[in-house]
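In order of appearance the chains are A, B and C, and numbering begins at 1 in each one.
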Amino acid sequence: MALVGFLSDFGLKDNFVGVVKAVILKINPSVKIVDISHEVRPQDILEASFILKSSFKFFPKGTIFLTVVDPGVGSKRKAIIVKTKDFYFVSPDNGLLSLVLKDEPPLKIIEITNDKYFLKPVSFTFQARDIFAPVAGYLSKGEPLNNFGISISHYKTLDIPSPLIKKNILEGEIIYIDHFGNLVTNIDERAFRFFTKDKKFKIKLKNFFIDKLSLNYAEAENLRPIALIDSFGYLEISLKENNASKVLKLKKGDKIKVELL
Amino acid sequence: MALVGFLSDFGLKDNFVGVVKAVILKINPSVKIVDISHEVRPQDILEASFILKSSFKFFPKGTIFLTVVDPGVGSKRKAIIVKTKDFYFVSPDNGLLSLVLKDEPPLKIIEITNDKYFLKPVSFTFQARDIFAPVAGYLSKGEPLNNFGISISHYKTLDIPSPLIKKNILEGEIIYIDHFGNLVTNIDERAFRFFTKDKKFKIKLKNFFIDKLSLNYAEAENLRPIALIDSFGYLEISLKENNASKVLKLKKGDKIKVELL
Amino acid sequence: MALVGFLSDFGLKDNFVGVVKAVILKINPSVKIVDISHEVRPQDILEASFILKSSFKFFPKGTIFLTVVDPGVGSKRKAIIVKTKDFYFVSPDNGLLSLVLKDEPPLKIIEITNDKYFLKPVSFTFQARDIFAPVAGYLSKGEPLNNFGISISHYKTLDIPSPLIKKNILEGEIIYIDHFGNLVTNIDERAFRFFTKDKKFKIKLKNFFIDKLSLNYAEAENLRPIALIDSFGYLEISLKENNASKVLKLKKGDKIKVELL
């Protein structure tokens, strides 16, 4: 049974998500659709890229990811299908796939050009419904990849904020704030361990510092922020049973420094 | 495989949506349920009617729409099933279906009276669970329409704000604001084209005007509102990568005028 | 076909809910998953317990409930499977199941210890993904209960605020506020009827009182709060087409008194 993983910035107020699912199910009534999130910050391709990277490995082999955060909809940006060893990705070619494709290299990239598969008339503003959904639908029914368009060799990448080492400081930033207010940084476990080895360190944020890694949220004491490696492998700042972002007044883009002592 | 399209104002905080789905699946375990939206403004029948009208055509033939925005729950308003050429609608009879049934005329209307299908005791406040869900469930299993109640010939309609022509002005209003803050008006493409033909025009809102139609959001320049025909066929006002409703301080019910020059 | 009912405080912004579903479907592609709610107040075990109690009876027999509100994740709290006559519950052992298990006594309790079923490495912060989801997945495929761990005889219970009788007053409190702003109290229909019998009464809240029970929301007059027994059997305060919580400035924990006249 085919599975579609669906990620967008459409929100759940409008009918956008439901209509996309209807279009897919009209083409392939037996497909299953799992929502990854539809609350990506509007037009925030980087946030979508990060969420996708933290999600795709948990899905069954053969999953088709339909990922639509698409500020360029109706303009000349390409629509693509990317095949990797285990998955398919159907997406605007705007960098959304760049983080994933670092981990999971593309075996084939198709620019979607065959309008035989489109819903017509194709709107200029809702191509998730008119192009991406029907393509995902036919793909899930086993339509060969080459039928959708022409093979290309490049895809757009994003400039991704990477942590930097400056002498005895590893500097990163907050790239995501989750539902609980936990602050996720762009420093992953490997970078953190490589930099700190077994030396002592201070993790500095705006107006406080933390001098050790905790294992879990339950370890925290009231109102004392903790740092830990989260379940997706990133350094994260958290506050016991509280929203760290609100209480500590920290937001996306704020700096974090790991300083060796 | 039967499909139910589910629209309500229940929100996703409570267990209302999940319990309705449980009731349907208990009756017909093989049915698929697609959420259209559950974030209709509480008790806003007109908004639900508009969302349903913009959605139903994208669903497979035979879809059963379960549409519950029901401020009169437990009072004497009727519960109905409407059969059209391609679809079924299960709904309180409060006007929610009026926009759809203009496009998709009713072939049969059943007032739901046969309490054999109800969950008992029938509550006075959650009939989506006790009446509408089980009826949709049995209908999806192929139960004949006539078994649910008696055939009637009328259904309730809503007073819908229509655009008006006053000399050289076409006056409409904002009827919906989507997740991105785009302002959807009640002026559809046909009315707009019929009125403007190939003459020049100004689209006037509270404190600005727009003198052309754009094709897509990507055409917009920063902070200059654009007008376009949206993917559901309505005249829409939008702001590049911004929430037009918040930035321009415009809300549902605000007037829009198309003036011929 | 197996059904999983999924309740959590994960929200819908992040990928948590989608990733948990992916893990389940990777193990058992034919399972159906119904969301009960993911908007439980973060870490509010009592709220989750109340929502679960109001939901589980509407699901098909054999449903596996995956219920994760887990402030103690990664600490020593147990992970358990509880089998009752009709259902299975997979949950952290933190009291979340206590309200349900009053109505639906446990036939068997398993402490989940067999890491053969876990996703590895098991994270300290997201055990819904690494422990609870795979266990629910294998359980839904028919894996025998005893394989998951060891049989135990106790589970954690919560201190639940119960209504008290003081002379001619029945005192309860608001325990839940729904999407519409209705105020749900901990006084259930049985307690209310037993206390009031056919005597006259006043229901007193902060700055107003109500002297009768209504049947449905439609009975209400503008801006006059009503009291009714809601669809889950609790005494509820409501305001016609308005958010009672906001307008009346009442919140969770506020007292309600039923006074006999």
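Keep in mind that, in the parts below, a contact is a pair of C-beta atoms (placed from the backbone, for glycine too) under 8 Å apart; a residue touches a chain by one contact, two chains touch by 3 or more.
Just so it is clear, the structure is predicted and the values come from calculations on it, not from any experiment.
Taking shared numbers over all numbers used, the chain A to chain B interface scores under half, which places it in the different class. Superposition angle, chain B onto chain C, using Cα atoms only: 120 degrees, a multiple of 5 between 0 and 180. Centres computed as Cα averages put chain A at a distance of 31 Å from chain B. Counting only residues that touch two or more partner chains, chain C has 12. Residue ranges on chain B touching chain C, taken from their complex, read 10-19, 21-23, 25-26, 29-30, 42-43, 71-75, 123-126, 129-130. Contact residues on chain A toward chain C in their complex (touch as defined above): 1, 3, 5, 12, 32, 34-39, 51, 54-55, 58-60, 63, 178-180, 215-219, 228, 230-232, 241, 243.
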